[in-house]
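Next up, some structures in structure tokens.
Next come two complexes built around chain A: one with chain B, the other with chain C.
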Partner chain A sequence: MRRSNRFWWSGVAVLAGLLLGKAAMTGRAAPPPAAGRISGTVTYTGTPPKMRPIDMSKEPNCVTQHPTPVMTENVVTGAGSTLRWVVVYISAGDQPTSPPTEATRYNQKGCLYIPHVLALQVNQPLDIYNEDPHSHNIHPLARVNPEWNKSQPKGAPPIHTKWEEPEFIPVKCNVHPWMHGYFAVLRTPHYSVTGEDGTFSLAGLPPGKYTVTAWHEQFGAQRQEVTVGDGQSKTISFVFTARPY
Partner chain B sequence: MKLTLPMMALASGMGAVLFVFGAVTPARAQESHIGGVTGHAPAGKEAYRRFCVGCHGPAGDGNGENAMWIDPKPRDFTLAAFKCRSTPTGTLPTDEDLFNSMTRGFVTTNMPPWRPLTQQNRADLVAYIKTFSPRWRTARPGTPITIPAEPAVTIASILHGREMFQNLECWKCHGAAGHGDGPSSHTLTDNKENPVRPYNFETGSRFMCGVTNRDLYRIFMTGLDGSAMPSFADQIKPADAWDLVHFLRTLQSIQTPEAAIWKTWLATHAGELKPIGPEGGQR
Partner chain C sequence: MGKVFAVVVAAIAVVSAALFALHIWWLPVDISAHGSRIDRALNETMVAAGVLFVVAQLALAVFAWRFGPEPASRAVKTFPGGATPMVVLAVVLVGIEILTLTFVGSKVWAGIYQTPPDPNSLQIEVQAEQFAFYFRYPGPDGRFGAMHPELANDATQNFFGLDPANDTTARDDIVVGSLAIPVNRPILLALHAKDVNHAFYVPELRIQQDFVPGMVIPLHFTATKTGKYEIVCTQLCGLGHYNMRAYVEVMPEQQFNQWLKEKAAQQ
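Coming up: the complex of A and B.
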């Protein structure tokens, strides 16, 4: 019984080998799918809060770094009601990938976090720099990941760290209360943070059905289901409802 | 394979065992070990409902019925961020850390010392407090930091500590004289955006996490997680840390050996010092 089974399986293997070999010889193997793309614009309706000038007089070093007052960045809008600092990313339908090995950089300069919103992948190395001639403390208010709080005086080496779970983590400096930013820690390598023109582009997507999420620190999150065909480019838009407070 | 009746009975029996033990496992996993005492969460729950619930709340989130009257706010145990730890910032405290915090209480807050409770009571409470955050099921406490032996107090050590107080900008929150009135002191917030005050070194003999020089060393090296006080472990070498401890002792309103040396030196050298602040701090 066992011997006849083995005979049967070897027959199947030979047949499959022959078929595969023939397909390869005649060039009939399916070509790899072309990468697709989802792009679009994020806008708002309603009345957004006004951006306010930041009073940095508590830190003279930072006042001198900014000839004109810096504005708050929690809601930044552009011409045509576009919305900046929105993280657009694939929240479902993506294949798991290992995180990039190169570190992403987060700067403290002029008493600001640059960029205001930093998107990165789970377990991606993150280097935090202090480029100011004075101390900052970096206090990420993580809830899913561990919360920590470290001092970084002037000239101190970068803090090397990473985040192990996906989470939108507010980060603040206790010494300079206007300093406020976000780490957007994502599982996917497909993400985009909108500029002032509100545009985003998620490239290199294999054909498939995806959930695309747009997240804004003040206006919340929205989702859309998008199916991308072989090499297809899809255009979608997100519209947030802005509230002045 | 054909399932026989005894096998089915065995399987369902194992399922029942798993079900029963599965239901109690989270509580069982939440034991505490302090010295020779083992604390148990179910017993801790009873004590918690009697002694702690009024401030820390039934859900352990710091929203007890007294919380609105309390400043600073009671600790939110669901966040698993604790001020007084022997472990690095961002890591869970040890059972002893929680036990000591509870025993000691927190100076300048509404949290009293719970020394009147038995050791067993307090160990049980530690076990129960650890049930409020899922982090205790997935992460282990951090490794306590190493504290080298304290060197002798000298004027050189105190002066170097003073330079560190200036250069690390401790004064921005704690003030030039350590009175908790630095330029950033009135805008500090904790991890729930509640206003908090920096420690005033004139408060008395007690610091936020203890009374000894080692306690003081530990405070700025581990940071007080959840509060505005960061960790300086990456920035201060162990030998330098003791110098800062020696200087901080001179800021207290009590008689300390450090203050005695400092006063003697100041009597003849006060003119050599630049005041601590934006441009100062040097000799």
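Coming up: the complex of A and C.
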């Protein structure tokens, strides 16, 4: 009696499996929503502060690495009033994703932080290298995340770390006062840091309504609401007001 | 054993005295108007202390050679009248020597540090911070902008805490990371410390002066030789103290004016 029941139930299970499989196949046949994109340019109006040469004379190793003087990077402009080092990212409307497992790299070379602004995701591995023939002392001035301060001598292995909370973290070198940079720690995987042409592109966006934020270390942040349709490309622009001092 | 000790002591005394007497270890070149007075005071101190050192060490060697370990049967002798008069005499003599050197040295020091600066001195402000020196020239308007410590920001290169948005005299101030000065012209530095104690030491200028937070310390001198010399911090000021330095470049007046013009254009 028990054996015949078992046979009957297994027949029902096979039938249900076939039906479910067919349903799934029917579902797959519907095209997935195409990814959209938000792109644009960041510019400024007004008079920006002058980019000035950085005096590295106290560290001759670094002077020799730069045949022409390095200019300050807090406000870097390009032709057509474009603005560099602006972090443009989705600040609301995005789906949470797990952080990438590959580490992102931050270099200390020629007494500069390279890149000047590094955008990365929360909990994304971060490797900090010292490529100079002398010590640096990297000091991220975090307020939400734990603040730390580590010396990294010449030839020392990279510092492996990560940030657990979103935050714009200023970074300084305690030994070389002119060395400054930023970690832009973001929840979203959709971000872009503008180059000298001021352009940005946030690709791979599912249809939806988003808040796009542009952040600059000296001129603050601006937000825009953008609705992206199925496979739609939207162009927006951010215009910061620059002050010379 | 006593003779070996005597030879070693004598050799150390003679070799170390010779290193200084022959100027193998000696002061760097003097590039300041006041330096010869410092050097003379140092020389007098060195000679006085050196002669006493050599005589004392050689006397020690002679006694060790002559009266070294002997058979236990030999009686221990004492100075006639005991050692007390000798000790008193030594203390008095050394005391007189030290007081004399202090008097002579302080007169030299006061003659440099406590004389007023030349009213036509070139004025330069110095900001010392962990772990660098920055220098400020007044710019074409000849006036320094006021300092607001709360506005100091390394990230924007505002090392002196200037307020150019509201203070027009600050806009043309020239801020640089190395000191340039014209040769044979009196210089007046105003030393500011942003955080902790530091020191301004240029051996060739025969100048060493502390920075103290909250105080503006004047320091004046005249450089008499062109060249590039190192400025080092000699007050332990933190982790990066070893790396706290800058350079002073002494240049002909015309070259200095050109340098100043170039730097003014970059501000």
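What we mean here is this: the second predicted complex is superposed on the first by the 216 of 245 C-alpha atoms of A that agree within 3 Å, B and C clash if a C-alpha of one lies under 4 Å from a C-alpha of the other, contacts with A are read in each partner's own complex, and residues count from 1 in each chain.
One rule holds for everything that comes next: a contact is a pair of C-beta atoms (placed from the backbone, for glycine too) under 8 Å apart; a residue touches a chain by one contact, two chains touch by 3 or more.
Predicted, not measured: the structure shown is a model, and the values here were computed from it.
After superposition onto chain A, the partners chain B and chain C occupy overlapping space and clash. Of the two partner chains placed by the overlay, only chain C lies in contact with A:52; chain B stays clear of it.
Of the two partner chains, neither chain B nor chain C is touched by A:95.
Of the two partner chains placed by superposition, only chain B is touched by A:146; chain C is not.
By the touch criterion defined above, A:156 reaches chain B but does not reach chain C. Of the two partner chains placed around the shared chain by superposition, chain C is the only one that A:245 touches, whereas chain B remains out of contact. By the touch criterion defined above, A:68 lies against neither chain B nor chain C after alignment on the C-alpha atoms of chain A. With the complexes overlaid on chain A C-alpha atoms, the stretch of chain B that clashes with chain C is 168-176, out of 24-32, 150-158, 168-176 or 258-266.
Applying the stated touch rule to the two superposed structures, the overlap between the chain B and chain C interfaces on chain A comprises residues 58, 134-135, 137, 151, 172, 174-177.
Note for the complex: chain B touches chain A at residues 79-81, 89-91, 135, 139, 167-169, 172-173, 183-184, 187-189, 191, 223, 225-235, 278. The touching residues of chain C, counted against chain A in their complex, run 129-133, 154-157, 159, 164-165, 171, 176-178, 238-240, 243-247, 266-267. Chain A contributes residues 49-50, 52-59, 72, 74, 134-135, 137, 151, 170, 172, 174-178, 180, 217-218, 243-245 to its touches with chain C in the complex.
Every residue of chain A that touches chain B in the complex is listed here, in rising order: 58, 60, 134-135, 137-139, 141, 143, 146-153, 156-157, 159, 172, 174-177.
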